[in-house]
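Going in written order, the chains are labelled A, B, C and D, and every chain counts its residues from 1.
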């Protein structure tokens, strides 16, 4: 049971990152590799806010959400929008978002230095709870709850809200969306803003959970999150959650039964197998894209 | 058109080859002019020209957090030493961006620019690529943070003041066994980092020597931050202690999470754990962590007290072992320069070979015949939020 | 002609280095039905897309109700009452009919329900199929959906791009009947068609495009009667 | 004093070689991130075989290492390629990325590599060897770019479906580009480690792969010097900043990031886009003597296509049901019918783009089955055009037609590498053949224009020229007159007749009924997937069922002969008006291919 719960909690972190990631990937069909930098920025800026202003955690989350949203809009404006209409937009967006992420990280280093930073020890009292004979921390439970509720809220948002309808319209046919009077630019921006807001909050929660934030944390999770969104299903929000949990449990099982040195092999092996064993069409109706 | 381009490219590269081929012959001979030798010895030594000191650290990229502290400490050291008088140093610090390829270029630049000695680079694996270049060009190198095996074996120009894990860890393990009666341990280390892996090997050897049973060996990645799964597995082994070879990035979350899930046994760490960040980051969870280290922040050595005060004043952060070793490195170089009273490469090399009991922030340091540092290692235990000496 | 609701002056549109439209000027009087006819590739759609803000005009001025709208984005124009029924219908196949229709009312939150109800009344077949995925409709139904969707946006001027494309002649009749109805409600219509004969028969005024330029214009019935125009530029006989 | 840049210059060459490894896959339209994984496999395994002393006393150890490393790269790329080659785009990138990480984790866990502590290697590579290797690699890619293989890669990159229908075995060539990239990656791995004297598996990480990709993209993949330019730019950048006195630290990566962003956003073709694009290197060769000797076409009247009760259904919907059809050499067979009647599905089956669900068929002696590949049929002598024009938009008109000649031209890469005279002769032949086709369709003066820049009608003609360049026995034209005015359509009609006179069998779909009546020997009318009429143009024009299909009116009233005749007279008129309307107006939608998104073609829908 402990194993299983450990896996679930580990996976919920992956899922948290992946949900924001897959929102842009799945809906706008763009792979935003600056997402890892946003994750890091959310963590570091969150620490800064708490250290400077001493705000409590429940106030921090909305502040970081706003910060992440602003970053998302910048990413869309700077790294993606200028590429609109280019035949290699997918591919160029990959590179331009890498560049954007690199710039963001070096600016973060300029502001906060390269040292690992942490939240002040008293921001979230570690409480341990016994569930079904296993020990878990309250924070982990909170993160799991946040992941699940974000997934539900977002799924609802995409499926039912006007914004979500706009997103799906753009995903299916951006040209038709423009004809219908949808402000394609604004909806794209909003999607990026949502995605990055989630990414930034994920960074804060992640940092709270492991008590360490350095410039490299986003990078470490990024590859796993890629695995998660492929395993869970490209662009599917519930898939991102389930994929995250599967991966988390698989890794924990790998640690216990295969050997911890091969743990990361599990993530990539799983990713590789899924890609090979299931024709890419199964992940969605999306056609192949030119890269 | 393409044909022309190609022939241009071929000619261009041929030209390039010719030029570099020629210049190799005339290269690398000496440092600028002859103004680097002076008169007198030791404290009386006077050298007119400033001695060019070059340092290559990882200021950006994955190892930036170590490089930044090294640079700060080195600049502080140069400032302090230049105040003494007689000998002045001109420091150039370059960034290798945690990329060995960059470091190679940085070393080339330093060698060509006439640096008397090169300090660095930050990472051992980078050093294995850069130090041979300096060795070939007969430029002395002082590593201040390279702890992996095989660094000084690269050649007779390669020195280091950083204690290897082999020289620290056996003392740590011995102290833990003697004082705490540890009999059975779980070993954890990150297996994708040269430093921590060699630390692990030292631990494994030392544990064997002390007849300590290793119940389990677990590995993680240096970028990992969530260790709960591993720790839960470790917990099942019911060991007396957990031995960890990891960097400080891993140390803080690992220690915090171990306590969180209810592991109350001592945690024994290597050099990587020796950082004020452990106390600041893990807080109460750090209690009972045992760290074998080359440097103790709590040491009452005058130089060390002053160093910590100055560093904290200058950079608004407490120094860590990396900073201390960088500072000490410059003190050792100063000793070598003054003993020969020369800033020439050969003389510095000779001087470094004779370093014996030089007082530094690390304590009295000597360099042995293998050009490795010899000084007392300390075994510390965290008590009441402080590193205190165990042995 | 009274003050035109829409006027285009000296329009030029490029695709990369290719000039798709050169120096095109035309006017549309309020309440009229104006058609742009021409062969495939003549640049009709490019003109329409430039007007509706989907394409950037390289040169020229476009005015709608007296305002210079040349640089307005599409969504602003839709809000202002200039709505396009795109070529190829562009319905959203994975969305339901009802969802497609509500997308048409993107900028008409308050009147959306009324408008949808009105559209269902006019197109009962859409009401029947409102819960179906739009992709499952027949070609004619899809075209009706596309037009209905545009009507929900409350257009003052409706731009129709090849509404008869790919439809059987009987269905084409229905489409033209709907266009006639729309026009009777006072909505101005700009109709782009390859089916010149049908379009000219329905229109008040016509412009003939060939390779990106307007070569003929005049009252529709005159153009229709001008066999030379038809023969030389439309390839019909 | 260049000596201080000795390593820099060497590393420029090595980085460029890595970038060439990415270039090798990018030119075939693939994105692989496995390259550094392949490089590290090659590098570490080479340490197991590289001898300390020259082998047999004269083979230098490095040569052993290079050959071995390249072989490892090739084998590993091939094994990796087997499962992943059918993935596309981002999926391929992610799968190969996973492979690269798996290699890294594997090597770290091996004791013979010393894991993370890394291995030492003797220093065997210096500036000379690095640059010689780069020159060889660059030379190879330069010679590749104009060869038949290079053109095949470009065709796959631009449009796989069109490439297949040209007889290019897409799967095989994608694998070829993968394997070439593997060889270059292996070379890079070996050269790098024997230059830097030390390596640990972490050096070959995801970050390194991204760096390599960025180098290739910054340099651009339109010209073979791209990787070199990218490498120079990115390697020199830190050095320039150092010389300019930019502070070490965060500013440098910021500046580099900004510059990278600027290049990506404002130089779509990468740095090599700054080099003035060669005006299509080749001119037309009009000398008939230069054309190759071609095999004779089948004798007129030979039956080339025979379909028996061929049908296709998609999930219960019958697109085509039970069609019998024959086409003979020298004959023009027309297919007409309302939109959605199944015409395109039928020709897709004839060209093996769509496997039939029922019935049997044989085309040029090849049986149509589930496993019949379109490129096999194309190699047998079937060429086609598409309803949605599928040109290689970024290639010139002449280059498009040269790709079309794939079937009948010789592979020239090896000959080009050694500048053999036969390479020039073969190229002259190919160009002469292509020139003749371009001139035949009336595009002789537009040979150097990029296909995407041509007008709609010209694009249609270019597609026909490209199809003709393969010297086909059977030519399939899907709506060739769409977007043409009646004068142009008339010329097209003459062209089709003259092709038939040459002995080519032509199967043509067209909505311009008037033109069809004038052009075809026989016409088949399809409606709802069924043949409702078949016969000579005269018979078709009088068939009441045809009338019904087009007018959609109930047939009962048209029973009387008088009505039928009347209606038939109207037929051409009405159909010419109404039916032609569903040509999508490609040029109207813009030559950038936007209409590809808005209106999927039958072909795409069917696959």
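Everything that follows uses one rule, which is that a residue touches a chain if its C-beta (ideal position, glycine included) is under 8 Å from a C-beta of that chain, and two chains touch if they have at least 3 such contacts.
Small disclaimer: the values here were computed from a predicted structure and weren't measured.
Between the interfaces A-C and A-D, more contacting C-beta pairs are found at A-D. Distance from the centre of subunit B peaks at C, each centre being the average of the chain's Cα atoms.
If you average the Cα atoms of subunit A and of subunit C, the two centres end up 42 Å apart. Here the CA centre of subunit A is 35 Å from the CA centre of subunit D. Each chain gets a centre from the mean of its Cα atoms; for subunit B and subunit C, those two points are 73 Å apart. Residue positions 108-109, 249-250, 252-253, 592, 598 of subunit D each touch two or more of the other chains. Among all residues of subunit B, those that touch two or more other chains are 59-60, 191. In subunit A, 106, 109, 173, 175-176, 219, 261, 264 are the positions where the chain touches two or more neighbouring chains simultaneously. Put simply, subunit B touches subunit A in their complex at residues 59-60, 62, 64-65, 67-69, 191, 218-221, 223-226, 228-230, 232-233, 248-249, 252-253, 256-257, 260-262, 277, 280-284, 317. Within the complex formed with subunit D, the residues of subunit A that make contact are 31, 78-79, 82-83, 85-88, 90-92, 95-96, 98-100, 102-103, 105-107, 109-110, 173, 175-176, 219, 223, 226-227, 230, 261-262, 264-265, 268-269, 271-272, 275-276, 280, 287-291. Of all residues in subunit B, only 1-2, 5-6, 9-10, 13, 16-17, 19-21, 23-24, 27-28, 59-60, 93-95, 97, 100-102, 104-105, 107-109, 111-113, 125, 128-129, 132-133, 148-150, 191-194, 196-198 touch subunit D in the complex they form. For subunit A in complex with subunit B, the touching residues are 2-3, 6-7, 9-10, 13, 106, 109, 113-116, 118, 121, 126, 128, 135, 137, 206, 209-212, 214-217, 219-220, 251-252, 255-256, 259-261, 263-264. Those residues of subunit D lying in contact with subunit A across their complex are 29-31, 83-84, 87-95, 97-99, 101-102, 105-106, 108-109, 206-207, 210, 213-214, 217-218, 249-254, 256-258, 260-261, 264-265, 268, 592-594, 597-598, 604.
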